[in-house]
Each structure stands twice: as C-alpha cells, then as structure tokens.
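Here chain A shows up in two complexes: once beside chain B, once beside chain C.
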Partner chain A sequence: MSESLVEFRNVSKHFDDYTAVDNLNLSIEQGEFIALMGSSGCGKTTSLRMLAGFEEPSEGEVLLRGKCINHLKSYQRNTPLVWQTLALFPFLSVVENVEFGLRMQKVAKPERRKRALKWLDNLAIAEFAERRVDQLSGGQRQRVALARTLVTEPEILLLDEPLSALDSNMVVHMQGVLTELQRELGITFIYVTHSQSEAFAMADRVVIMNEGRVQQIGSPKDLYQRPNNHFVAGFVGKNNILGGQYKSEHNGIWVLAGNDGDYKIKASEAEPADRSAATDFAISADRVFVSRTVNSDFDNQFLCRLKGEEFVGSAVVLYLETESGEQIISLVTQAQMEVLGDLKKGDYYAHWQSDHCHIIKP
Partner chain B sequence: MGLISNRSIFSAFFSFPPLIYQLAFFVFPLFFLLVLSFWSVKFYRVQPDFTFSNWLYIFEKGYFWKSYGWTFSLAAMTSIIASVIAFPASYYISFKLSENIKRIVLLSLIVPFFTSYLVRIYSWQVFLNDNGIINAALDYIGVGAVAMINTKLGSVIGYLTLSLPLVILLQVFSLSNIDRNLVEAAHNLKCSPLKTIFLVVIPAARVGLVLAALFCFILSFGDFVSPIYLGGATTQTLSILIIDLSKAGQQWPRAAVVAITMIVTLLATTFLALRFAYKGKS
Partner chain C sequence: MNARLNNSLLCLYLLIILGFIFSPIIASFIFSFNADRFPSLPLGEFSVKWYEAVNEDADVWAGFYRTLTVGVSVAMVSTFLGFCAAYTDYRYSFTGKSVYLALALLPPTVPLIIMGLAMLFFLSRVDLSGGTHSVIISHVVMCTPFAMALIRLRLSQMDPDLESAAWNLGASQWGAMRFVIFPFCLPAIVSSLLITMAVSFDEFAVAWFVSGLNETLPVRILSFLQGQVSPRINAIGSVVFMLSMMLVIAANIILMRNSSKKTTEE
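Let's look at the complex of A and B:
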C-alpha cells in the first residue's frame, strides 16, 4: 500500500474542557483537492492548524509522508498556509512579501527576486510588485498571499477560508484560479471552508465535520446524492428526512410503515443491522414531484396541502404537509408551476421513486 | 437643519473649553516666551526691548553648547537604553502572558506613577550613595565602592526611573496590536522565532516603538530633578542652565533663549521621529 501524503490517525484536540477535534481519521493523497467543511466550531480550522504546526494534537498522530510531525513546530515543517486574513506583512512591498519564504531558505537575492516576480507574473499581478500591500484590492491581495506560499514550491498548500473576505463575483473568479493552479501544479490543496458552494465547486473530496467529528467523507456528488446521516442530510442540499417502522422487503425494496401509510425505499449499503428499530431515510427535494393526480410511474405518493412557497430564481420551493402533518419540501421549476396552476385550489400529490430514497443513520 | 445646528452647538460647547485652555496656558505663554527672549535686563530688572543680544550671548558661550550636547546625548542614550531594556519585558507581557496576568502586570506598571517622581529619586539616593546599599554590597563581595551618585550614570538611572514604566506600557500596547497571524505566517514560512522578532514583530510595531522612545527622549531632555539630585549637577543640563540663568542676575530673557532652543529641538526630534515611524505608510 502506498503511503498517503498526509494522515490524521485518531487525532483529538482538547482545549481545557472543550473538545475541538474528536478522533479524526483522514488520509489525504498526493495531488488531491480536499475540502474540510462545516459550520464554525466544527473543528475544521483546528485540524488544519494541527497540520500547519500551530496546535499540537492532544491525542493521536499527524503524519506527513508517513512520519509523525506532532512535535515539529511550524517553522520545522513545510506546510504553507493561506490565512483567512491573508496575514500579508504590511511593512513589506508586494514582491518582498512573496520573497519572504525564499529569504528564509537563504536563496540569493537576485534568484529569489526572479522567482518572486515569476510568480507574480503567473498570477497576473506583476505590475503591483513594488506597491504596498494596503494599496491593493482584495482579489489582488489574495493573489499575493497565494504567490507568497507557492513560490517556495511546496507539495501541499493549506487554505483557511481564503475567499471569505471577497465579494461574490470575485469568489467565483478565484475559485477558477485556484482549481486551475491546483491542476497545473499537481500539489495537494487542503481547503477549509464553511461554504458549501466553494467546497463543492472545487474539491475532489469533501470532509463534512460537525462538533469535532467527521460526519461523512466523499465526492461532492456522493454527499449530495447519498448523505449517510441526519446531519449531512440536513446540511447538504435540500433533503426531506422521513422515517418509519420496517415491515417487509421485496426485490430490494423495503416497505416502511410511516404516519401516512407505507414508504417504499431502496435497500442500500447503509442498511441498519437492526431492522426492528425505526428507520430514517432521506429524499432530495428535487426528487420530489408534485402533480394533480396519482401517477403510477412513482411508487411513493401522498396527498398533500400547501403550507408555503419560496421563489429561488428559476425554481420554487414548495413547503407541503401530508394528511398526518408530515412536512415535505419539493423543488419544482417555474415551468412545472405553470402546469400545476393555483396550488391553493384542489388536491395534489407529492410523489417520488423508491430509487431516490436512501437510508440514513441517526 | 435644526438637528445639525443643535449638534454643532453641542460639539462647540464641549470643544471650546480645552481650546481656550490651550490658548491661554500654552500658545500665549509660548508667544510671551518668544517675546521675552528679545527683552533686556537692566539693574536686575527685566524690561521690554527688542534686542538680539540674549540670543548672541547664549549662542556664543561654549558652556551652552557643551550643555546642549550632553543634554541631547544623555536623553538619546536613555531612550535607546530604555527601549532595549523594555523590549524583552514588553514582548513577554504581550505575547506570553495570559490576559488576566497581563492586566495585573500592566496595573503594576502604573503603580510607580502613584508616588511623586521626586520621592522616587530621593529613594534612589539611598541605593546609589557612596555608602549606600549597592556600594555596601559591592564592598562586601570585595569589588569596592563605585561612584554612582553625582555622575552621569546617576542622571541616566533617574531618567530611566521616570520613563521606563511608560516606555514598557507604550511598547506593550503596540506589540499587543500586532496581528498574531503575522507571527504565525512568518513561522509558517520557516522563519525561526528569534528571527521573527527582528523581521516581523519589530517592523510591525515600529510606530509604537518609536513613539515610546520619543516619549522617553522628551521626558529625559527636559527633566531637571535627576541631574540635580542624582547627577549632582556634575553635568549642567539645559534644564539646570535655565534655573541658574533665571536665579543669577534675573537673566529671564537668556533663560527664554535656552527654553526656546529646547522646544525647537524637541519639535524637530518629534518631527523626524514621526517621519521615520510612518515611513512608507499612508
């Protein structure tokens, strides 16, 4: 087995009586773009800081190329970080900022100036080389911070919410710059963010964390289509979470007794060991369709009434309620809305395929 | 409309008293000092006149320039010594102490100001005297007595007593304002902790460090308590010169010339120091 570039092995970090990271296990391969995602306090930044050498794990080991680096200080390892605040040196010019790492490596002055300018040129900010950092725009400063870390040609780059201070147009632009850079250089990017759109747009794999624990690791598509627990189902996309008591199984389709009758769901790898317990499943809002009549193409259908609707651009989120009071959300297009007509009048059904349901852990 | 005029009346109400105070007790006396330097003294009485003789008299005297040189260099030396002594303490207080302990330490740095400077200088005499505590100790270990009081060293110790707590306080405030991420960023780029102090911490805190040294210079340059009671007037500083001139023969106009020279020196030093502090900043 080839060894991973970075490995967190049973890593925990406690601050006094607060556990920031709880038994983290994660392997990161060479050349991967991996995002650690979660809301604030979920442990993503602490994990990154342990890798960068600013925090020492309370338990477990952080390995870089198979070697434990727990006790190495930040200046003893090669794990450059791009800060949320960028942390550019305000008393140095742009090019001096970029040179800083090379200066520490004792690269001769003409050589390091050349390499710094080359990176400024790569990132299209060569014209600002002699400026002070505070004379640049947010996006330009972002590039300086990237150049300052990349100029040392690291094999890994850590990014801590680097785009959170930019306006939304710039964020999309910089996402493009980052993905392109990562692909060109083939170095590993570990990207910490609270933003689902940033993580899903750029990362090969996303690690979803909550309260110090990893909830799920997978490709953006995996996480979106197959959230494996309540937290991820609630955190990623728009999911309905329903549940019921196991009744029977037929051709890989389970029947659950729910409040409004039987739910039919596809058995999956997440199947619980104990079928007698209540089973929950998730069904994405965009897989829930609404029509005026019963539609036999779908094996789940329930009579609903409208509780509210919310326009989100070209789509509409419908907040529905079944006869027993179960809440269901459905994402429909404006075109579908026109076919449905006024939902305040008449009956209609929410329906979905058992294929699109999958079991989640509590 | 009503709101704006109300507000400007309100702000005027609060900004006028300090303005009037400044005019009455700073600008006007300063102007009077300037005028006074052109007056003359006849039969030990100061009388209005317009003569350059006081300026010529003072600037022609070798002892004035000698005194100027010593005052300036002792003050400059004190601000360098104070900055160097204070920095490790300030660094430790700002970066290593927890917030609670830091607060206690900062409070203890304010405590010296509770006691009159004069009292503190007198108490130094007990330590620095030829048969004082320090010399007794030196004698005991066989080094023998070292003259400390009535020397330039005594003056500098006095200046430090006056300014060191303030220098530390000002340094701590500027060091505490440094973005911690800058320090981490330096470490992250393989800069050792010691190098980080010189390459990141000091440049980032430059304005505050220069201001602290400047304050120390200003306090030492004008002080007359230390040179009299600890320096023993062995070195006639400009402050002592002013006292001597005004006492001996009522030479207030000549004292005014010295005072104005001091003020101009401090203004020039402040200007240069601030220019250096803010160099390359918007």
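Let's look at the complex of A and C:
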C-alpha cells in the first residue's frame, strides 16, 4: 500500500464530556483537494486543528507521511493554515506579512523579500506590497493570507472557511483562484467549510461530517447521486426520502410496499441491504417529474395534489402530497412549468425511474 | 431652539467644572512669575526670580534627579511586570484566576497613608528602608496595576488567532512573543511607560514614609512648606505639573492614534 500524505487513524477528540471528533479514519493523498463539510459543531474544524497542531488527539494517531505527529508543536510541522479570520498581522505591511514564515526560518532579508514579492505577484497583489493590511479590500486580504501561507512552499495547505467573510460574487471568483492555484502547485488542499456550493465546486473528494462522525466520503457527484444514509440524503441537494417493506425482487428491481402502493427501486449493487427490515431510499427532487397524466416511461407513478411552489430562479420547487399524506418535492425547470400550465387546479402524477432511487442506511 | 439652549448650558457647566479644577493650578502658575513675596492681588511685577532661586537650590536639584531616577526605574520595572501579568491573564486559564486578577489590581485601592505605613514597616523589616530603592520598590507596587490594565486592554483587542497564526507559520513560543505579541502591544507598552512614570513622579505620601533622607521632589516641596511659605513652591509646582501633563498627554496621543487606526479597520 502506498503511503498517504496525511492519515487520521482512529482519531477521537474529547473536550471534558463533549466528543468533538469520534473515531475519525481518513487518508488524504498527495495533490488532492479535499473538503471537510458539515454544519457547525460537526468536528470538521477540530479535525483540521489537530492536523495543524493546535489540538492534540485524545485517542488515535495523526500521521504525516507515515510519521505520527501527535506530539509535534504547530511550528514543527509546516502545515500552514488560512484562517477564517485571516489573522493577518495588523502592525506589518503586506509584504512583511507574507515574509513572516521565511523570517521565522531565518531566511536572509533580500532573499525573503524576493520570494515574498514573487508570491504577491503570482496572486496579482504586488502593487499593494507596501500597504498596511487594513487598507485592503476583503478579496485582497484573502490573497495576502494565501501568499503568506504559500511562501514557505508547503506540501499541504489547510483552509478553514477562508471565504466566509466575502460577498457571493467574490466567493465564486476566489473559488476559481483557489482551484487554479491548487492545480498549478499540485499540493494538497484540505478545505473546511459548511458551504455545499464551495465544497462541491472545488473539491476532488468531500468528507461529510456530523456530530463528530464521518457520514460519507466521496466525489461531489457520488455524494449527490448516491447518498448512503439519512443524514447525507437530507444534507446534500434536495432529496425525497421514502420507504417501505421489502416484497419481492425482479431483475434487480426491488418492490417495496409503501403507504401509496409499491415503490420500485433498483437494488444497490455495492452493498445489499437487509431485506427483512423496512428499507428507505432517496430520490433526488430533480429526478421527480410531474405531469397531468400517467406516463408509462416511468416505473414509479403516484397521484398527488399540489401543496405549494417555490420559485428558485431557473427552476421551481413543487411541494406535492400523495393520497396517504406523504410529502414529495420535485424540482421543475421553467420550461417544464410552461408545459404543465396552470397548476392550481386538479391532480398530478409524480413519476420517477427506479434507476434513480438509491437505498440509504437509517 | 431648546436643544441649543441645553447645549450651551452644558458647555457652561463644563467650563465651570474645568475652571474649578484648573484655577488653583493656573493661579500657582501665574504667581510663580509674580515678584511679590506673598500671593496677593493686584499682582506685582513679572519676574523669574523664583525660578532662579529654585535653580540655585542644590536640594531641589538632588530631589529632581532622585525623582527622575525613581520614575524611569519604576516605569520600566512596573511595565515589565504589568506586561507579564496581563499576558498571563490573556493566555492561560487556571483555577483562582479571578483571585489573581483581583489581587493584581488591588494596590491602587489601598489608601496611600496605609500603603506608606505598610511599606515602611515591611521595608525596615527586611532592611531596605530609607533609600532611593525603597521608593522604587513602593512605587512599583503602586504602578504595576496601571501598566497591567493598559496592556490587558490592548491584548483584549487582539484577534485571538494571531498568536496561533504565528506558531502555524513556524514561530516558536518565544518567536511569537517577540514578533507578534510584543509589536502588537507596543503602543500600550509605551503609554504604560509614560503613565507609570507620571504616577511615580507625582506620588508624595508613600515616598514621604519610605524615602528617609533621600527626599524625592514632592517630599522636598513639603519640607519647603513646613519651613516657610515661599513662592518658589509655585515655580516647582508649575514645572512638575508641566512635566507630568506632558507624559500623560503623550501617552493619550499614542493610545488615541492607535484606536483611531482600529476604527478605520472596521
């Protein structure tokens, strides 16, 4: 087995009687862009802080290039972090901020000035070199913070919600800057965020955490199309979660007895679920289509009433209710809306393909 | 109209208060240039003869140098101790921290007479009374809380991630202290030096108890008063007032310049 750049091995972190991280196992490869995502208190930041050396694991080991770094101080690791608050030094100029890491490595002044200026140039902020940090805009400060961590040419960069203080246009712009930078440098980025759009737009792999535990690790596409438990299905995108008792199987299609009749789902080839227990599955809202009549192209058809609609720009979210009172949401494009006509009156059929259903663990 | 009236009444009130506070000092300042032996109106002719008399008095100069020595030493020692105490408070949490803080900030609340007597008893016990060093020790006790309060305030404005960020960039604990904490606190440190020096410069009661034969300037002034009421006191008073005001104003300018920098940042 080849050696991972970073490995968390059975790592837990307790604060008094609170468990911030619970038995984390994660390998991160050289050159990977990985995002740790979850809502606040899920343990993502604590995990990052253990890697940066600000917290020591209560149990387990953090390995960097196969060596346990549990007891190394932060300054012995070279795992620079871009802070949520940026934590730029207000009493130093921009270029002095960027030089800081080199100054700590006792690099001679002309040399470190040269290297700092090169990084400012790479990030297109060379013109502000002599300014004070508080004279810069949010996006410019962001770049200073990046230059300051990259100047020591680390093989790994940690980012803790670095874009959370920027307005939305700037966030999208900086996402581009970060992705490009990561590709260019080929170093590992570990990016902590609560924002799905940031994680999914940039990362090769996303780790979804909740209450200190990893819920699922996968590519953005994987997580989106195949959430493997209730939490991920509820957290990522817009999913309908339905369920029923296993009845029969035919050509890899399972039939589940649900409240509104039979659900047909394609059994997951990866790990077969327990057939005796009630089975839940997720169907993404954009895979649920709505029409006036039965459409035999789809193998799941349910009669619904419209409860509400929500306009979300290019699409509309329809809130539907089946005869048994089950809630179903459907994401419909504006073009499809026009075909449907006036929605206020009458009944509809919600339909979807068994292929798009995905069994989830409780 | 009403608001305007209120405003001018408020201004008047402020002027009366300021007049009340400063008129004795201004009077002293004016009479220090008055040739008459006794302070009375109308004023006599303008003269700097009291300043000349003070200038020729060797005891006054000795007292001044002593006060200066004490002031500078006290400023340095108490600012250092105050910085250490404030940093301890900022960086660590430990049981009994509130007690530690209360004790550290206590000395200015002790009445000066009590403080002076206690210092005298204690210093003579350990055989340290009656010298310039006794005044230094006592003043350090009194001034350190001021230094600590100033530096603590500055540390409380610091982004808590700043020190960790320095470690993260390869600074050892000492490196972070030297290159981040110290430069960040520098304005507070300078103003603490000035303020503690001003406090020590003015302090009379405790110095009177512990200084023995090594009188500081304020103590020297009292002995003047005990012997004879001389306009020389006005001259000394004016000089001392100017000096300590200069220190306090300088400290305030440094602090204010920094806080306005802070507000433009937001």
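The rule is simple: the second predicted complex is superposed on the first by the 357 of 362 C-alpha atoms of A that agree within 3 Å, B and C clash if a C-alpha of one lies under 4 Å from a C-alpha of the other, contacts with A are read in each partner's own complex, and residues count from 1 in each chain.
Here, a residue touches a chain if its C-beta (ideal position, glycine included) is under 8 Å from a C-beta of that chain, and two chains touch if they have at least 3 such contacts.
As the structure is a prediction and not an experimental result, all values here were calculated from the model.
Asks: Look at where chain B and chain C land on chain A after superposing the complexes, then choose clash or fit.
Replies: Clash.
Asks: Where does A:39 make contact in the superposed view: on chain B (first), on chain C (second), on both, or on neither?
Replies: A:39: touches no partner chain.
Asks: Looking at the overlay, does A:83 come into contact with chain B only (first), chain C only (second), both, or neither?
Replies: both
Asks: Quick check on the superposed pair: does A:100 touch chain B, chain C, both, or neither? Answer first, second, both or neither.
Replies: both
Asks: Is A:245 in contact with chain B, with chain C, with both, or with neither (first, second, both, neither)?
Replies: neither
Asks: Could you look at A:10 and tell me whether it touches chain B, chain C, both or neither (first, second, both, neither)?
Replies: So A:10 meets neither chain B nor chain C here.
Asks: Quick one: classify A:54 as touching chain B (first), chain C (second), both or neither.
Replies: Both partners, chain B and chain C.
Asks: Quick check on my understanding: which residues of chain A belong to both its chain B contact set and its chain C contact set?
Replies: In the superposed arrangement, which is not itself an observed complex, chain A uses residues 52-54, 73-75, 78-81, 83, 85, 87, 89-92, 100-101, 104-105, 134, 148-149, 152 for both chain B and chain C.
Asks: Under the stated contact criterion, what part of chain B meets chain A in this complex?
Replies: Interface residues on chain B, with respect to chain A: 179, 181-182, 184-193, 195, 200, 203-204, 206, 280, 282.
Asks: Using the touch definition from the top, list the residues of chain A that touch chain C in their complex.
Replies: These residues of chain A touch chain C: 52-54, 73-75, 78-81, 83, 85, 87, 89-92, 100-101, 103-105, 134, 148-149, 152.
Asks: Show which residues of chain A lie in contact with chain B when the two form their complex.
Replies: 52-54, 73-75, 78-81, 83, 85, 87-92, 100-101, 104-105, 132, 134-135, 148-149, 152
Asks: Please output the residues of chain C touching chain A within their complex, sorted ascending.
Replies: By the definition above, chain C touches chain A via 159, 161-162, 164-172, 175, 179-180, 183-184, 186, 261, 264-265.
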